[in-house]
């Protein structure tokens, strides 16, 4: 497995973990109503990251298409999380999302 | 494809749709804080139903194990939705969950 | 739910079923070695169709990005299946893939 | 996050990676016909491992049910891979499956 592929799988798995953890944390917050948009975004982002990791691990013929979608969703999810960065979990999750977006963009070229 | 298999796939896809719709509706309610447990349950139930459908459609060697988990999760998710049946979407979703649980239990034997 | 959304969910669920069924059938063929590329493509296509359906059912903020990826993968999977259309299941699956690709393209705009 | 949970997530993600890698490798082997059962098992095992990891990461109410299914599927998939252990990737994958089965069994209690 080449380095960039390994790096991209790693970024996707880390972003998946960050998003699922942040999803859980958001659902435990008092202001969950305010976080509805974030919760919605996190589920989708976690799931596309898992999908991307799977695709790369199994040498799917559609890695580029999936990493393209993953890059866009991670970027958008990072923006959503950033709006709620007074919650430490959202702030940290935004960083994972942006990092994953960046690596997936390269994979999608 | 035999009748019970077709029926079980149909029940899983209907429960998946009901759970995803109820998930969306819960996130749009005013009392989303009250519904956090329900939201959490619905995501998981929708996803295991999709997983079960996929497994049956592809003649997976693990249909029984997956339908067993699906039956238990649908039953539990139905109970969670039932607690919120003053929301029409939760009430209807509980019915889909219980129906799917019943059919999956038979498949798991 | 508006008509085009309902239609797109339906097309995705039908393509998911066709791909999973064709995946199973390919693995039962004698010339499975010849079908390796097809098997690989079908898994991915079935899974992105399930993902798309879920996203639309739950009013995901990322329906466009996911339907875009789904349209491209379905189109490509249709082309792969078409190469093996001497197998009736591949021929029929190609039709489901092309139909789903067409509907998802409209959703992705 | 407590130690056993972290350990179980790690085992699931490692087993997911091993299964997806072995799936890819099997589809590239000459004797892919002989490996059809293994390919079928690996897809399912990789996917339930991803599902389990997601469930634990998001503190799902259904971790036990999912880890129970995951343990059974990993155990069975390990047995399938073991039959093909003349392929190094199958041999190594069996080890990841058995390890994951063991950890998931504890989580399911």
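A, B, C and D label the chains in the order they appear, each numbered from 1.
Definition applied: contacts are C-beta pairs under 8 Å (C-beta built on N, C-alpha and C of every residue); 3 or more make two chains touch, one makes a residue touch a chain.
Keep in mind that this is a model prediction, so the values were computed, not measured.
Interface comparison, A-D versus A-B: the higher count of C-beta contacts falls to A-D. By residue number, over half of the contacts seen at B-C repeat in one listed pair from A-D, B-D or A-C, namely A-D.
Chain centres here are Cα averages; for subunit A and subunit B they lie 25 Å apart.
Counting partner chains per residue, subunit D shows two or more touched chains at residues 40, 43, 47, 54, 58-59. The touching residues of subunit B, when paired with subunit D in their complex, are 37, 40-41, 43-44, 47-48, 51, 54-55, 58-62, 65-66, 68-69, 72-73, 76, 80. Subunit C contributes residues 27-28, 30, 32-33, 36, 39-40, 43 to its touches with subunit D in the complex. Contact residues of subunit D toward subunit A in the complex are 9, 13, 16-17, 20-21, 23-24, 46-47, 50, 53-54, 57-59.
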